[in-house]
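What follows is a set of structures to go through.
In the two complexes that follow, chain A is the common piece, with chain B as its partner first and chain C second.
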Partner chain A sequence: MSLNTLAQALVSGALLGCFYTLMALAFSMILGVTRALNLSHGDLIILGGYLGYWLWSGSGLHPLFLVPVAGAALLPLALLWHWLFHRLPEPRELSSLVLTFGLSLLLQNIMLALWRGEYRLIASESLTGSLALAGLRLNQGRLVVAAAALAVVGALYLGLTRTRWGRAIRATSLDREAAALLGINVDEATRTTFLLAFCLSGVAGVLFATLHYLYPAGGIELTLLAIVLTIWAGVGRLRSVLVAGILLGVVEALTVAWSGPRWRELVVSLMLLASLLARSGGLARGWSH
Partner chain B sequence: MAFGGLLALRGVDIAVEEHQVVGLLGPNGSGKTTLFNILSGLLRPTAGEVWFAGCRVTNLAPWRLSGLGIGRTFQIARPFAHSTVFDNVLVGITFRSRHHYRRVLDRRREAERLLAMVGLAPKASARANELSLGERKRLELAMALSTRPTVLLLDELASGLSPKGREEVIRFYGRLKERGLTIFAIEHSFRVLAHVADRLVVLDQGTIVAEGRPAQVLGSPRVMQAYLGEDE
Partner chain C sequence: MGRRGWIGAGLVAAALLVLPPLTGFHPYYLYLVSTALLFGTVATSWNLLAYAGQISFGHAAFFGLGGYGAALASLGGLSPWVAIALGGAVGAVGAAGISLASARLRGAYLALATLAYAEIWRGIAHNWTAVSGGGAGLIGIPPLPTLAWLPVDFTRGRAGSYYLSLAFLVVVIAVFGGILRSRVGLAFAAVREEEERASLLGVRALPWKVLAFALSGLFSGLAGGLYVHMVRVVEPDLVFNRYFSILPLVMATFGGLHTLLGPAMAALGLYLVSELLLHPYVPAFHQLPYALALIAVVLYLPGGLAGLLPGKRSGAA
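And now, the complex of A and B:
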């Protein structure tokens, strides 16, 4: 592998990693506040992508204009998921697996019925082409997606650290009972978390659809990636998720550059196994940014 | 209060008068913490009622009870471990007392005042998980006070502390009483209870087995032998 190919893979992977961060945050936030594993996470992103694709193919608008629309479109589902999660019996971690596995299958079949199994892509001309920078060719679509993802993650960071609702979400994630005793309405904080997380999923979905082909079962891989990143970074640790996302993007890009795309998923799976072996504490970590 | 087939509390009828310090004691598993969990809204009783300042508050959410003026600490202190001592105290001020301190500067001053009161001002910028056991308990007391309670439920403030630490706890009780707070406290230390409590209630197997003035209850051979064992 030449030095230029290596640099190309590093930059390209880092750009993709910014998107991975955005994609994993919604999963991590819900896990932090509810202790529930949302296996339908990737399917919600794909649904956001399909909504974006549907709007884009019908209107021809720039995909970035559709990002907030897809984010808002998933809000009713956030309230439905919150209602369902609220009724989960203990142990919540296990019950949530059963519930969200069912929801994942339901979403996949709804998407299959609505958009069939054909591959779809938001192939906007404004996102094709590449830029030359210091001898590297940067994909314009990836640059736009990375910039959009970083902007959303930055806004989320400010919201979580500087606002009252953000502090409520962080405190609820750290210790639900202690937060409630300090006057925080933890039910409201949980509902806000679901609304935020689903909005992020819708946003991530449209950005994803500009990079990758959509198909109804494509969410499984995204859920797996979110789990890997959450294990690496810890629940709701926003800065750590960003570092882990970029690292994952780089490892993937290096794998593809070195041995071709067929090894990509295997490497991610091996990374998941390695994470689980290395961190016995696993997912049980809290907010600290 | 029942958990499945286990009756954790049965026929417990306790009245805590305003500005009094009432001590609650009893062996492990007697139902003390369960009672506190009900009073603070963390558990819903399967039967019975809780009244506060003339209002029925049974089954109210913890944040609503906090809003009414009930504050609480835990037996094992539970501050937000990765946050600073100062930020921990600021949480309650921000969410519960914000109407009293509308400006950020005033909230920060109140946090500083509370930390000074519990002797943690020099540790304000330390992370909560860097504190010793005694310091954690003091931090939790400051956190409970940050919600401007009129009633404080204190769960074993003196347990696990050195004799010097216990003397400090006795002084804290005195200061809290001076502020006009009503205190319902789980304690195992006879020395602390004898100094601070106006009245004692003894629980065993979910029922009240003794109640009265400290000298009367602590001197009772039945309480000493059957439920409390040796003191310190």
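And now, the complex of A and C:
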């Protein structure tokens, strides 16, 4: 592998990593406030992607204009998921896995019925082509996606740290009982978290659909990536998620550059198993903001 | 289990026994019910593991390892019976391996580890082309031999694998029943209910967990070996398919966690409803029963369907 290939892989991996950060945030926010592991996370993103594709092929608008629409379109599902998660019996982490396994299957069936398992891609002409920069060729689509992801993550960071509802979410995520004792409306904060997380998933879905082909069963890989990122970074630590996301993107790009794309899925699963074994205390133990 | 339960189970078993001649040895229906019976076996073996408190999201790993092990042995010239037994051994070793590796993981995190484990094996089967044949898999697996001392209609082709699947399911249920009544079953229940207290009383948890995994992997591996000799091909996306992880979990929880016959009954019911009633009419939605069953079980019936029956408690052998 030449130095140039290496640099190329590092840069495009880092760009992809910005997207991974955005993609994983919804998973980690919900885990933070509800202690529930959402296995339907990736399927929701794929659903957002399909909605984006459907709007794009119908209207021909620039995909970036469809980002907020897809984000808003998932909001009703946020309320439904919130209602379901509210009813989870103990042990929450395990029953959330079983419940969301079912929800994941349900979403895949619905997408299969609506879009018949065909591969879809938002192949907007405005996103193809590449820029040359210091001897590297940067894929324009990845640049736009990375910029959009960073913008959304930045806005979320400001919202979570500077606003009243953001602080309520962070307090609830840190310690639900203590937050409730301090007069924070934790139910309200939980609902806000679901709405925000699903909005992020819709946004991530449209961006994803410009990078990768969509197919109904494609969500599991995103879910696994989100879990890996959450293990690496911890819940609710936005800056750590960004670092972990970029690291993950670089690892993936190096894997692909070194051995070809067919090893990618295997590497994702290996990273998940290794991260779980290395952090055997459980995801939710000893985390703070 | 009450008397009515046994009578019901006896009736189902009798119906299954006479089904092949009644359908005129119809290959498609026999194939469907055989697959349902194999799912019943995997669901029962999943339930055996759950009885020891370990929830798996990756039984596709053990099923697929058994399938590949048996296929490779069979293609290497061994008799299909030996090959299937070897497949079972491979499944047991694979299950014991993940159990040992993830000895410190509990509950949801163990479940996630098994999910990743199944995906890893699928990836290996896809990429280790020299052995596994890659994504195209391996073809030309010999059929199960007929048995000379039985009427040929009953052991040939689909009917042969049907009766074998049925007999295998009965054996696995009988073994599970035996375990429930033995000291092993007591140890499993102790590990499940209170791991720390059990270890204080001298029941070391890890060997029992590994044993439960190995037994569950053995039965799932045998089912995988039988399956590949039934369909006579093996592919990564066929035997390491996520459905072999999802469906046993759905069937066992829907049929009643820790009950003897519930998972097998739920497997037959759900699989046949899905394939016979939904698949022909609404193909895109034929997996809907599994999804809805999972959601309903978690939210409304923590004991599974067995919780509905009066005078029964989940966990009572």
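Just a few scattered comments:
Keep this in mind: the second predicted complex is superposed on the first by the 283 of 289 C-alpha atoms of A that agree within 3 Å, B and C clash if a C-alpha of one lies under 4 Å from a C-alpha of the other, contacts with A are read in each partner's own complex, and residues count from 1 in each chain.
Criterion: contacts are C-beta pairs under 8 Å (C-beta built on N, C-alpha and C of every residue); 3 or more make two chains touch, one makes a residue touch a chain.
Note that this is a predicted model, so its numbers are computed, not measured.
After overlaying the two complexes on the shared chain, residue contacts for A:Leu277 are found with chain C alone; chain B is out of touch. Shared-chain residue A:Leu51: touches no atom of chain B or chain C. In the superposition on chain A, contact is made by A:Leu181 with chain B only, not with chain C.
By the touch criterion defined above, A:Ile169 reaches neither chain B nor chain C.
By the touch criterion stated above, A:Leu22 is placed in contact with neither chain B nor chain C.
By the touch criterion stated above, A:Ile122 is placed in contact with neither chain B nor chain C.
Once the two structures are overlaid, the count of chain A residues touched is higher for C than for its counterpart among chain B and chain C. Within chain A, no residue touches chain B in one complex and chain C in the other. Contact residues of chain A toward chain B in the complex are 164, 167-168, 171, 174-175, 177-187, 286-288.
Here chain C touches chain A in the complex through residues 55, 57, 101-102, 104-109, 111-113, 115-117, 119-120, 122-124, 126-127, 242, 246, 249-250, 253, 282, 284-285, 287-288, 290-295, 297-299, 302, going by the rule given at the top.
By the touch rule above, chain B contacts chain A in their complex via residues 40-42, 61-63, 66-67, 71-72, 74, 78-83, 91-92, 94-96, 143-144, 146-147.
Residue ranges on chain A touching chain C, taken from their complex, read 37, 84, 87-89, 91, 93-99, 101-103, 105-106, 108-109, 112-113, 116, 220, 224, 227, 262-263, 265-266, 268-270, 272-273, 276-277, 280, 282-283.
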